[in-house]
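Here chain A shows up in two complexes: once beside chain B, once beside chain C.
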Partner chain A sequence: MEQRVFSTIGKVTRRKEGIARVTGKEVFSSDVTLPGMLFARVLRSPYPHAKVLSVDTEEAEKMGAICVTPDEVPQIRYNERQVSIPSKTYRDRTVLPEVVRHVGEGVVGVAARTEALAEEAVRRVKVEWERLPAVFDPFEAMKEGAPAVHEDVMLGDVRLPIKNNIACVREVSEGDIEEGFSIADFIVEEEFRTGRAYHTQLETKAVVCRPEPDGGITVWPTAQSIHNTRQLLGRIFDIPLSKVNVVRVPIGGAFGSSIQMNTAVAVCAALALKAKRPVKLCLTREEDMYDHCKYPSIIRLKYGIKKDGTITAGEMQTVVDIGAHNIQAYPLLGCMAGWFVSLYRMPHMHFHGTAVYTNKAPACAMQGYGNPQVSFAVESMMDILAEKVGMDPVDLRLKNYVGLGETFWGQGPTVRSIIRSCGVEEMLSKGKEKIGWDKRGKPEEKRGRYRRGIGVGRSFHTSGTGAPMPGEVIDYSTAMVKVNEDGSVDYLTALMCHGGGTLEAGAKIVAEVMGVPLDKVGISPSDTRSTGYDVCTHATRGVYCGGAAIKKAAESAKKILLEFASRLLEVNPDALQIRPDEELGQGVIFLEGAKDKAITVGEVAKTAQLKGWGTAIAVESHRQVNCPPCFVTNFIEVEVDTETGNVRPTRAVAAVDAGTVINPDLAAGQLEGGLCRGIGLALLEDTDYDRDTGELTCGASLVDYKTYTAVDMPFVDDLEAFFANTYEPSGPFGAKGVGEAANNCTAGTVANAVYNAIGIRFKEAPITPEKVLKALKENGAAKRRAERND
Partner chain B sequence: MATYKLELKLNGEKLSAQVLAHENLLSVMRNKLGAKEVKNGCNKGDCGACAVLLDGKAVNACLTLALQANGKEVTTVKGIGTEDQPHPLQESFVRHGAIQCGFCTPGMIVSSKALLDTIPNPDRRQIREGISGNLCRCTGYNKIVEAIEDAALKRKS
Partner chain C sequence: MIEAEYVAPSNLGELFKSIEGRAERVKFVAGCTNVLPDLRAQNPAPMLLVDLTGIEELRRIEENNGVISIGSLATMTELAASEIIRTHGPILASAARALGNPLTRNRATIGGNIADASPAADTAPPLLALEATIHTEGASHAKREIPVEEFFIGPNQTVLNQGELITRITFPIPKDPSASSHIKFGLRNAMAISVVSVAVVLEMQGNLCHRARIALGSVAPKPIRAYLTEKELEGRKITEEVLESCAEVVKKEISPITDIRASAQYREHVTGVLLKRALWQAAREGENSTNGNI
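Right after this comes the complex of A and B.
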C-alpha cells in the first residue's frame, strides 16, 4: 500500500549544508586549492569569425608559462552535452579550435604561477588571424550565400555537411492538421519572440585539474554531471575511465548552464596534462557571459478552435538561434514540440523546428529547456483564443488542458508516459480565489496613469526524462546506502544539488525508508570513482529519478539489516519494522505488539560486524519508467505606468503540483526563485550583439545586462506560493519534481496581466518600458484616428 | 614590479602580505591570505559576492585596493560567526531557507550585518536597500529579507 503518513518526509527540517554555507566554509570549484597549483587564463577571440593562421607562444614561455595551442590538443570533435544517445548527438567543437566562431571563443590556454602572471603571459602570445565574414541574424544565416559558421559537423560517427547554417530540423505530426483546421470555427495565428537571456549563475564556471602519476587525472569542475564529464574527458584525452576521477563540488548556481561539460574543463585538463602540475581555471564574468545563454526563439503559432472553446488543431513553427555551437538543439526541438503538445489537447498537431547557427555565444539549456519560450507563446495564445470565443481564460484552460490518464510527452516524442497525478483544477480554482480573479475588470474600464491587470498562466515541467522504452535521452541514477555500526546511515550518489535541496531530499528519503532520525543520515562526498552512473541533475529529475534510486538502495540495505535483526530477535524479517526514536537518537527495529522484540539499528549493525555477518549495504541503479509532469500555475497582478511604460508586478500567486512535497520550505524557495527569474525573462533580460564587432552590447557586465536587485525585485512582500494536494504513484513516496517548472509560465502570465491592464498584447519578451511606451503611443494614435473617423 | 607590505587584522588575527600597488583586496584575500569565503562573482563591483567589513563598514573587496586596508580590520563572514557560535543572522539564514546555492551568502551576511549595525530595526524597504548591492540569482530575495527581518527581531528581544 502507498505510504502517506511520514516521519521525515514533508517536515521542515534544518538543512544539512546550511551551516557550512552561512559560515563561509563551503568549498566551490574556484576555492579548491592544491599544492603546486598553477593558474590558467585563456586567450580568446576578439572576432566573431576568424581563422587562426598562426600562434606564437615563445614570449609567454620565456616567462615560464605553459601554453597549449590548437595544434597541441586532440583534434577529436565533441559535444559537451552528453545526455542523448550518441547517434543523436551533434559534435561540432574541439578543445581549442582553428576557426573561432564567436567573440570570446578560447584559442590558447596559458598557465603560470599566479593569475596575474598568466594574464601577462596571455598578452605575450601572438596570434595571426584571418577575419572571416560573420552572421548574427538567424534568417540572414539561412539565406543562400550567407557566411558558413560550420562547413560540417559530426552526427554520431557520421560526417554531416551543414547547409545554410541549419544545424538541425525537427518535424513532428499527429493526426491530420488540415482536417483539424477545417473543422474549426476560428483560426488564429500569431508570432512570438523571446530573448537571449544569460543564466547569471552567481559563480562563474571554474575547474581544477590534477594530473596523476599513473597518467590519469582528477578534476574538480563546476558541473551538473560528474559522470558525463568523466566519460567525455576520457574520450577526448584517451585515458581509461578508471583513471579519470571527477569530484562532485558544490555549484554556485547552475540553471542548466553546466549540464554540459564546460569547455573550460577540457582546456584546463590539457594544460594540467602538459604542465604535469595541478591547474586552476576560473572564468571571469565577462568570459562566462560569452560562454552560454538561453535559446532565444521565434515561435509562430496557429490554432483552430470551435465556438464552444474546444481546440481542434495546433501548429507551431519555430526558429531557434543557437549561436556558434550546437549544444544539443535537436533534443531541444523535440522538447519544444513536447511542451507544445502536452499543455493543451490537440487532436491534430504539427510541429516544425529549425535550429540555426550564428556567430554568437552558444545557447544551451536554461531553466526550462525551451519551455518558458513555448509557454510564453502558448499561454498568450490561450488568452487570445478565450477572447475570440468569448470565454473566461481560466475556463478555456480547464476545458483543454492535458490531464489525468492522458498521454504526456513533454520531453519529446520518444519519452511518452501516462499522467497519473494532476492538480491542475485545484491550482486554477484556488489560485483564482486567492488573487481575486473575478474582480480583475476589463482593460477598457481602466483609467488613470497606473493601471493594474491580472493574468493567468499555466505550464509544467517533466520530472526527469525516463520512459517505458529507451529513447533518445539517457536517464537513470545509481545510489548506495550503508548502515554504520552506531546506527547512523551513509548515502552516496552522483546527484548534484544546485541549491534547491536535492541532496537534502535524498537524505529524507533514506531516513524515511530506514526509520532513522534525519540527523543520523549522512550525505557522502561523491566522485566518479566511488559512485555508479547518474546521467545528470537536469530536467527536474533530482528527486523523482535520483530519489527513486536512493529509495531502492535504502530498501535493499534495510532488507539486509532486518535479516540480521531477525537472527537476533528470532522473528521473521518480514514481520519487523523500523521507527525513528528521537530519545535514543536512532532507529528501533521492532515487532508490533511485542515489547521484548525490539532492538536499535546500531546494535544490530554492531553485532553483525562483530559476528562477521557483514554490513547492511546496497547499491542500486534505477530508471524511472514514467515522466510525470509537475504542473505549475501562476496568477500575477501587474501595474503598468502609462507614462513611463514601466511594468511592475505587484502580487502573485504561484502554485505547483509536485506530488508529495519532501522539503516544503526548500521547494517553496525554488518556486519563489523560479518565479522571480521568470519575471526577469518577462520584463528585463536579453542580450544583444553589435552587428559589426560581434560583441555583446551590454559589454558583458552584470550591471548593464540588468538583473533584479533586492530593491527592484517585485513581490518581496506579496507573493503566495502553495502546493497542490496530489500523490504521484510512480514517484518516491509520491513525489514529482519542482525545479524548472517554477519559471516556465511566468512570462506568459505577465504578458496576459499587461493585456488585462492596458489592452495591448505584447508578443515579444522581455516587455521593456520602451516597448510598452511605443505600443501605448501607437494605440493612442490608432484610437484617435478611429474616433476622428466615427 | 615593486611590492608593498600590507598589514591588517583579518577576523581578529594579525596578518601581513606583500602586495602590488594596484592589486585589489579581493585578490589578496583569496590568493594571499587564504580567505576563500570572500567570493568572486564579477571582480567589477557589480554583484556584492566579495563584500567584507573594513573597520566595520561594508565594502566590495574587488573595488578596494589591498593597500587601502593597511592597518585596518577586515571582517569576513567567518569573523561574524562560526558553527559553534553562529551570529543570529547566520542562524536565521539557515532557518528561513535564505540559502540555496550559497554563493551569494557570505556577501549577503556581511552586508546584512553592516545594515543591522547601523539600523538595528530596519523595515523591509530598508532591508532591501541594505542588500541591493548583493545579487542573488537563486532565491528571488524574499527569504533573505525575511531572514534579516527575523534576525533583527531576535536580536532586540
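Right after this comes the complex of A and C.
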C-alpha cells in the first residue's frame, strides 16, 4: 500500500552531522592522525609522456625516507573503478608506472617523519627519463602514426592491443535510421562541444594507511565506495579481504571523482606496507587537478523532424577525449546513448561513440556522467528544431518527451526499465508561469547594451543502475538495523554521503519505518569488516537504492520487535503499529482503539533482553530492479552585455521530479548547487593544455580555474527551486534521486537563454565573454553586409 | 622546506633594530595573502620574516588638512568600511570591496597590495587616479616620499629597496567639484583577478571636464596612468563623441598581453568600453554633485 502521509519523511530537520561540520569537529581523511605516522609525498612526472629509465633513491633514503619505486610495486594492471562486471572492465594502470602518460602522474612514493622532510626527500630522488612524443588532441591521436599512449591494455583477463589510441567504441541502433530521415520534413545537423571541467570538490584526495601486525591493512581514504577500495587493494597487494579494512570517512565532496579508488590510495598503501608504519598522503590542489577531470565531448547531432513537430529519427556521434587512462569510458559511451534515447522519442536512432586516449589528466565521471554533455547538445537542438518547425520550444518538448509507461535506459542499452512516475508536464507548465515565459520576446525585438533572454531546458538522471536483469554494472546495497534497549535505533551501511544528506535520508527512512523520533536514530560508524557490500554512492543511487535496502532492514527489525511486543501485549503482531511519541522521546507500540494495549519500544527491547528473547536486529541486501528517471527542468534568464560579451544569469527556476522528497531543504540545496555548476559549465569552466609542456594552462591552480560563487548566482529572491508532485512506486516511500540531475540540463538552458537574448546560437561551451563578443561582431558585420545588399 | 627566522616587532623602533645589518634577508609580512602562496611556489632561500601586524601605528586611517593618510596595514575590509575613504576616496573603497573574497579582505592590506605590485593590483588604479604618495622608511630611518606613478617598475617590481618599509599612503582630497568612478571587470564577481580595471577622477564644471586623472590595471606590465587620454578629455564636454575618441586614444597607451584570462585584443576592446562607462558614470555623478542632489 502506498504510504503518503509521513511522520518524518519530507520534514525539514536538523542534520545529524551538522554540528560537527560547522564547528570543524568532523574528522576527514586528512585529519586522521595515528601514533608513529609518516607523511608521504609523490615524485610526479614533469613530462606528458616519458619512459622511466632509472630511479635513484639513495640520497632520499640517507635522510631516513622510505621510498617505493615502479619496480617495487606489484605489477598488476588494474582499473581503479570496480563498478562494471570484470569482462567489461578495461585495465590500463599499475600502482606506479614505468611509462608516464600525463604531467603529474606519480612515479615514486616517498614517506618521512614530516611532510616537509618528505618533500625534501622527493627532491633528492633522481629519475632518468626518456621523453616520448605526446599527443593532446583526440583527432590527432586517432591519426595513423600518432604517438601511442598505450600499446595494449587488459579487457577483463584478455590482452587488448590499442590501435590509433582508440580506447573503446560503442555503437547502438534501433529501427532504421535511413528510413527515419527519409520520412522527415526537415533534417538538422549540428556539432556541439563541452569543456574539460575539473571537479573542484572542496577536499583534495587524502588517505591514511596503517599496516596491521597480522599482515593486513586498515585504510581511511577519500572514497565513494569503501568496499570497492577494499577489493582492489586486496587484489593488488594479495591480501585476503578479511585483513583489508577500509573505514568510511566523511568526504568533502567528490562529484564522481572518488567513484574509483584514488591514485593516492595505492601509493600510500605500498608505502605503509614497506615502512611497516602508518602513512598519510594528502594531495595538494595542484596534484588533485592533474588527477581527474570531466569527460569533454564533441557531439555531432542530427535529427529528422516532421512539420507538425514529431521527431522521426536521431543520430548522435561523439568523440570523447578521455586523457591518459580509461577509467570508465565504455559504460560512459553506453550511458550517453541512453541519455540521448531517453530524452525524446525517436522511432529510429543511431549512436556511435569513440573514446580516445591523449596525454592529459585522466577523465572520469563528474556529476551527470555524460548527461550534461548530451543534454547541452540535445536541448540546444530542441530549440533549433522548434524554430525550424515554428513551434514554441516548450510545446515541442511536450510533444516528444519520453514519459510515463515508456522505456527508459538508465545505464545504457543493457539497463532498461519502464517509467512509472513522471512530473515533466507539471514542471514545464509551472516553470513557464514562474519565469514569465510568454513575455520573453524574440531576439530581433531586443535592443540596447544589455539584452535579456529566457531559455528552457530539461533533462533527467537515472536513480541508480538497478534493472530486472543483471547488466554490465553492479548494483545493490546492504544495511543493518537494530533496536537498542532504550528504544533508540542504530543503523549501519557502507553507503557514503558526499554532503547531499544521503545518510540523513537513511535515518529518516529508519525513523519512518520504526515509528521512532528521528533524533533516536543513530548512524553507525562503518567499515568494510562490519558491513555487507554496497556498490558505491554514485549514479544518483543513494536514496533510491541504498535507502531501499535500509528500509528493508528496518522492516525486518520491526517485524521482530512487534513479535516481541505481541508476547507482552498479547495481541497478534500483525495488528500492532508504532508511532513516534515526542513527549516520551521514543516510539510507542499500540493496538489501534485499545488504550491499555500500548508499550514503548524501549520497554519491549529491554524486556526482550532480560528475558533472553534476543535483539530486534536485521541485515538485508537489496537490489532495485528499476532505475527510474528523476526528471529536471530549468528556466533561466540571462543578461548579455553586448559591449563586453559578458553573460550574467539574472533569474532562474529549477525544478526536479524526485518522487517523494525526503530532505526538502537539502534537495533544494542540491538543485541550487547543480544550477550553479551547470551555469559554470555553460559559461566558465574548462581546462586546456600547453602543447609543448603538456601542462595545464591554468597552472593547476584555482586562481585561474574558476567556478562560480554565490555572488555570481541570481539573487536569492530571483531563484526558485520546486519539486514535482509525484510518487515513484518502486522507490523507498516513493522517492527517486536528485543529485546529478540537478546540473544536467543547465548548460543547454543557458545556451538557449543566450540565443533568446541576442539571436546567436553557441554550440561550444563554455560560452566565454570573448566568444560572445566575437560572435556579436561577426553577426553585426554580416547584418550590415546584408543591409547594404538589400 | 622553508627556512626562516621570525620576528614580530610591536613598534617601528623595534622593527628597525631587529633588521639592522640584515636588510638583504628581510621579508615583510602583513596579511600574508601573497607571501604564503609565493613561498609555497618558490622554495626560497633562508630569510628573516618580519611580521608587521603588531605595529599599531601602521593601521590608522585619518584626515589632516585636506590630506588623507592610510597606514600601510589598513585592510581591505577597513578601507571599504572607512567613512573617511568612502567620502574622500570612494573609488578606493570600491576597489577594496572588489578584491578577493571576505576572508581575503579581512587580511589583505593596502601596503601588501602595492608592494606586491601585480599589474592587476586592485588598489593601484584608484591610488594612481587619486595621485597618491607612498611614504617609506628604510634602514637607519631614511624616509622617502614616492609618487605612486613612480613606484611601480614592472610586474612585481617596485622602487623599494630591500628592507624598506611602506609606512603610509597619502592623497590630497580631490578638489571640488569632482567626480570619480571605478570599474573592475573579471571573469566572475568574486575571487577574480581583474581582466581590466579602470579608475577615474574628474574635476568638472557642469558637463565640462577641467581635469582628468585616468588609471588602468591589467593592461600593461604595471598599473598605469593614461596621460594621453586625460589630455584628450580635458577642456571638453563629455559627449558620446568625446568618449569614443577617448576609447580610441587609450588603446595607444596600453600594452595588454594575452594570458589565460583574456586575449590582448579582448583586453584592448574592453578597456575602451569600461573607460567610456567609467567616464560616463563619473560625469553623471559630477553633474549631480554640482546640482547638489547626490
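Details
By our rule, the second predicted complex is superposed on the first by the 784 of 790 C-alpha atoms of A that agree within 3 Å, B and C clash if a C-alpha of one lies under 4 Å from a C-alpha of the other, contacts with A are read in each partner's own complex, and residues count from 1 in each chain.
Just so we're on the same page, a contact is a pair of C-beta atoms (placed from the backbone, for glycine too) under 8 Å apart; a residue touches a chain by one contact, two chains touch by 3 or more.
No experiment lies behind these values; they were computed from the predicted model shown.
In the superposition on chain A, A:L404 contacts neither chain B nor chain C.
By the touch criterion defined above, A:I183 reaches neither chain B nor chain C. Once the two complexes are laid over each other on the shared chain, residue contacts for A:V711 go to chain B and to chain C alike.
Look at A:G500: by the touch rule set out above, it reaches chain B but stays clear of chain C.
Shared-chain residue A:T697: touches chain C; no touch with chain B.
Of the two partner chains, chain B is the only one touched by A:G253; chain C is not.
Touch criterion not met for A:L584: it reaches neither chain B nor chain C. Under the contact criterion defined above, the residues of chain A that touch both chain B in one complex and chain C in the other are 116, 703, 708-711.
Looking at the complex, you find that chain B touches chain A at residues 20, 23, 27, 31, 36-37, 39-44, 46-47, 49, 76-78, 81-83, 86, 89-91, 93-95, 97, 99-106, 109, 124, 127-129, 131-145.
Interface of chain A with chain C (complex): residues 116-117, 119-120, 643-644, 646, 684, 697-699, 703-704, 706, 708-712, 768-770, 773. Only residues 1-2, 101, 185, 187-193, 260-263, 266, 269-270, 273-274 of chain C touch chain A when the two sit together in their complex.
The touching residues of chain A, when paired with chain B in their complex, are 14-15, 17-28, 30-31, 33, 114-116, 199-204, 250-255, 282, 284-285, 498-501, 665-666, 668-670, 672-673, 675-677, 701-703, 707-711, 713, 715-717, 719.
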